[in-house]
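The letters A, B, C, D and E name the chains in turn, as written, and every chain counts its residues from 1.
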């Protein structure tokens, strides 16, 4: 038999002025199961709580109903009080008779009647409350960072700084990411390599950081605090532990016509290569698509010249498995492919380039050693047209619907750098809007216009036509002058939209994190939890969550690190006990619940059941991981058999409330 | 014999329904027949039978038994039994008429079911002889003569007249109450109709179905028969057969929480349902095979064992035409029979 | 609720509110002393997606005259996607009730954020009025539960 | 502003002019730009403002080649050429403003002009 | 056709591909055909039947049968293959343990429609050039084949087999069916008319659960209506509310999962057009969330376990209907 105590709070006059609290206590005292019903001035006060605690002990209560302010206010207070008196904290229910009764009603009679009904619903519910015990699960003290660009490096450094081991998985032979390809950074114009490479070195030298370059995540199992991740270390045919990065092999390799991806294919590299001088790890990699030794067994030059014997043509992909407490996704972005934009002649003329290609063309370590020359004839361009928003803000299948955010600023940077270095070059920028929200951003853009005399034209380029004289005919509109412009340019630079890296989507599936329709990872809350994914223990760093410039990326990377550190600091995680659970006897294993679970908390197991005729039958049934479940209840409604229920808000509890209210 | 011309039947119905509630089989929009409370203009259905049997009048699908009023912590028990009104069911076929005899053996023996008795006492059963039996009919197997139905009063039709004959006191009272509308007449035409019907009965596909190898003493022959597995294999476990059956009598008692108390009611149960006779300790029939067997063993063996050889089936054929997968007592008897 | 000859019909409204947005929004309308009728009784659920169609039918069975479901605005769900499922489920359920001839104004879904105390109160006022106009729920009530 | 006309143009073109983000790519791409008094991007904007009559009275609408370059290249799928065609249609449909009467026909007969064209024009431009 | 099927089944039994065959077994009369499992050539030879009355969708039996040892052969009509796919998708059957032979679909006959014509004492039914010759104890009767076909066949949605291991006969196409006509008609009525329509229909319900138990989407280990802890359990409707609730919840539970096989209406002893409730959901789903056919494949996301950011609001129900 239930022994329920009801405690009605006056909240000074906040409740008592419009609700006859004595009458409420009296009425609820007559409810079945209620053994004590009292009212008090301030139930949340020390003495009010003592009243509750004493009643629990004195009457040996099995449930407590507090009629007071919103549970969002003091539910925890009273749960703690109950726990202190030896009653399971989840046997406490709150009837909200302040915010949802006394404060909104004026008539004492009706407000009192409603307060009684709300109290009765809480009593009905508490009859069915079960004691819940919050579970705990241990936390593996190691973090995984997926992606070794500036976001991943920053996150790893911050986590390592806090004293935790952290692994970086980078799919390319070196960390550094897109930032390593960039020449200068806005709005300060400092050299990207000069600020990035020290961080790369720092990461490689930090004892706590373990870099798995040329590697990929192939499987993720487990949940917050307890992920098991399989990492594929792709064969690079060079023993990382032996290679000193001397580069002799790359000099001697006879296969020299491999498009150099680091330079956006604007020049060539050898089949065995180190992507760039400051690569980390500085280890050679053999490209099996071009290496003649790997393709037909004829060559072996690199092996012969290598003084430490690091070359290993027989190397195979290796898989390692590691446990992590937290995972940070930092998979970054890529410019979109421009094949569909015929009007800009990107595929027709080498002198039409993307902005990232321009970065390489202008970089001292780039194909032209830092001198800006037209890719076609290596002459100096005198007229350059920049086209903004190529593929951004598009409502069609060719492009992306969002603003890529970084293009306005880097285009101003490019224009300025060109005008600075080559004052004889005329620069036109065709824009739809110039977006410069950011510290010193607008000033930077104004400098390009005012100080460097870059021609900013509001309007879009309609067409670029390569001419026989090597010029590019640019046809565009100048909306403010209301005229069509025709410019014969030497080069055209396209600000291609950026998109999440292609590896992100399969990764999201493995991580059971959500993505938006553009394949950007979805944050747990767009305002308040911007660096966490909705899946506990998975954090988001950098452009994988949305377009970002370097300062924003670094800020988010550190924020994600802070969140990960917060998790790793704990020895164990206390789980919310109000989680879903499945009645295996009733579960059909139909997977409906799994499909609506935003957290991937539901898995299926084959379980053996004893059948009525004493045979056994193996059936697929759902199993909820209480450490991952957040208790939303979506699964309970998706389940047709009602096998899935939610602790603390069970079907029977909610229906008891409905019944009590409708009585 | 007392009779009334078919075209005057409306006046007879009107006269009956003036004194007490009258129920007749009438056609619904979907073509099926069901018992409806007579209202002026309603036509007697020409269908052989209704989808639901006539047992509903004495043993309705749900019936309130008792109420508990609750106020705070006080509980008050309320007896809600009321004396039933008098009523007449007209046009009950011989099979359904026999079903009341079977139900009586369950509900009117000690302890008497007061709810059933109340209705039985107040209801007059007016039966109607069959003229156009269907291929699914097998009442003959249970010794029922559809041309001479039981019931308080039997009615025959020869196409021009309805003929009346009281079988019981209640039936006689009924005939007396409408005697002003009846006239005496010869039965020559009727005798021909009856003879014709009897001839058709002999030609029915199930005319040869016999119960001689079934009965109360056949428990050992059939309980462990290996046929049950095969027969029950396709059973969906729905309750169609039991709910259209005029003799199925099992019920479950349930409580319903109303706004101010509990209403205890009973409702039909089906031995085909997985929680049939489920008790605190568990369920004695855990598989569909056992539940399926229960239904047929009950009708063909257990019931006769306890009721002087009377079978728990009247051969109305409803389960034959309504079972979703066409598994029925005839197929069971034929498959099971050990000669 | 009963109809009394000399008393205006007072409908019973059951409001399911998600803990994170709408329940907080209801609290806010209390904090700001924004009145809405006592007819509305709130049941707290973790997320609007916890509301099973059975709960809604249950409320009608037991004597509710209107049922309203409040959750976070689409895109703001505390559990990221719960209210998207709610939206589909309730659209279909309400459409089915409509198909069965149940008055459509007896059911509603409204997105109320934790900041929209005023919207919560306005919604409840409006909904109560709409249900009042319909009169007592007769098409989806259980006579056994009707108050004497 | 003539609301009905705007409605008519929007309906017959099926274009949502509110999608335009004023990038001017249509005008940047238009081969007839210089022939026009009002250019494609202005077209879209004028329809949005409801200033249809000005357009109907402008020769610009007949300068559009309907090459669909603007439709193809518009990043927002606004389809300016369809708006142009819709305004032309609106002009055609305008009662009392029909460009031909049966009496005009004999003068128009020209041996270089295919008869088909005359019949088509006649059908199109007469009440 | 029947001969071909029996021969193929015998072959597959003989070569050990399968150990059992699910098909239909002839009954007492022309029409009372029972789904059955056959284990030998002899059984097939004597009892297997495939004709105008073999309308039962046998896919649901695979839940039980595919869990047993040995592969089972099943003959599926096009509509039945949708059911099997849906069961496969929901992990209710072991598809690897099933050998599906696709067979041509209906139209199949509805004995109720023949009997509704007043024809009784039926001894045999022959289809001669789409005229039914019905031999009865009261003499021979005839009626057009088209007037006796099952409702579910009259609004057939597809002649295409969506899953099979082999086919007997040609595969057909997805059809442009008129299956939503009646739903639309009801939608265009006033709320009062719809209410009256459904009251008349649902008040006939005797809660025999035939609709639920025959439904290939209703394979719950324990149905909420049988589970005393669910809060909605009941055995018989004591009030019209319970009649409504049962059918609303049942339709809701199969929404987005119902393949529209039409078995529910076929087996209803009270002729309640239950399929209209399911079709209403199908129609709504198609209109609001894009065309979706449950059972068409085994991978696509079901409409109720899926969403888009710009789904319509529930208020669309208020906006579109007539009053």
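Methods note: a residue touches a chain if its C-beta (ideal position, glycine included) is under 8 Å from a C-beta of that chain, and two chains touch if they have at least 3 such contacts.
Small disclaimer: the values here were computed from a predicted structure and weren't measured.
Note on connectivity: the fewest steps through touching chains from chain B to chain C is 1. Any chain touching chain B that also touches chain D appears here: A.
Distance from the centre of chain E peaks at D, each centre being the average of the chain's Cα atoms. Interface comparison, A-B against C-E: more C-beta pairs in contact at C-E.
Seen from the C-alpha centroid of chain A, the farthest chain centroid is that of B. Rounded to whole angstrom, the centroid-to-centroid distance between chain A and chain C, based on C-alpha atoms, equals 35 Å. Separating the CA-averaged centres of chain D and chain E is a span of 55 Å.
As a whole-number value, the distance joining the C-alpha centres of chain A and chain D reads 48 Å. The geometric centre of chain B is 30 Å away from that of chain E, both derived from CA atoms. Shown for chain A are the residues that touch two or more other chains, namely 596, 638, 651, 655, 659, 662-663. Multi-chain contact residues of chain B, defined as those touching 2 or more other chains: 256, 259-260. Contact of a single residue of chain D with at least two other chains is seen at no position. Pairs of chains that satisfy the touch definition comprise A-B, A-C, A-D, A-E, B-C, B-E, C-E. Across the complex, chain A meets chain E through its residues 517, 585-592, 595-596, 604, 617, 619-620, 638, 640-643, 651-652, 655. Partner chain A is touched in their complex by these residues of chain D: 19, 21-30, 33-34, 39, 41-42, 69, 73-77. Chain C meets chain B in the complex at residues 62-63, 144-148.
In the complex of the two chains, the chain B residues touching chain E come out as 28-32, 34, 46, 48, 51-52, 61-62, 132-136, 200, 203-206, 230, 233-234, 236-240, 242-244, 252, 254, 256, 265, 267-270, 273-275, 320-322, 324-328, 330-331, 334.
Here chain A touches chain D in the complex through residues 343, 389, 391, 393-396, 398-399, 430, 432, 458-463, 475-479, 482, 484, going by the rule given at the top.
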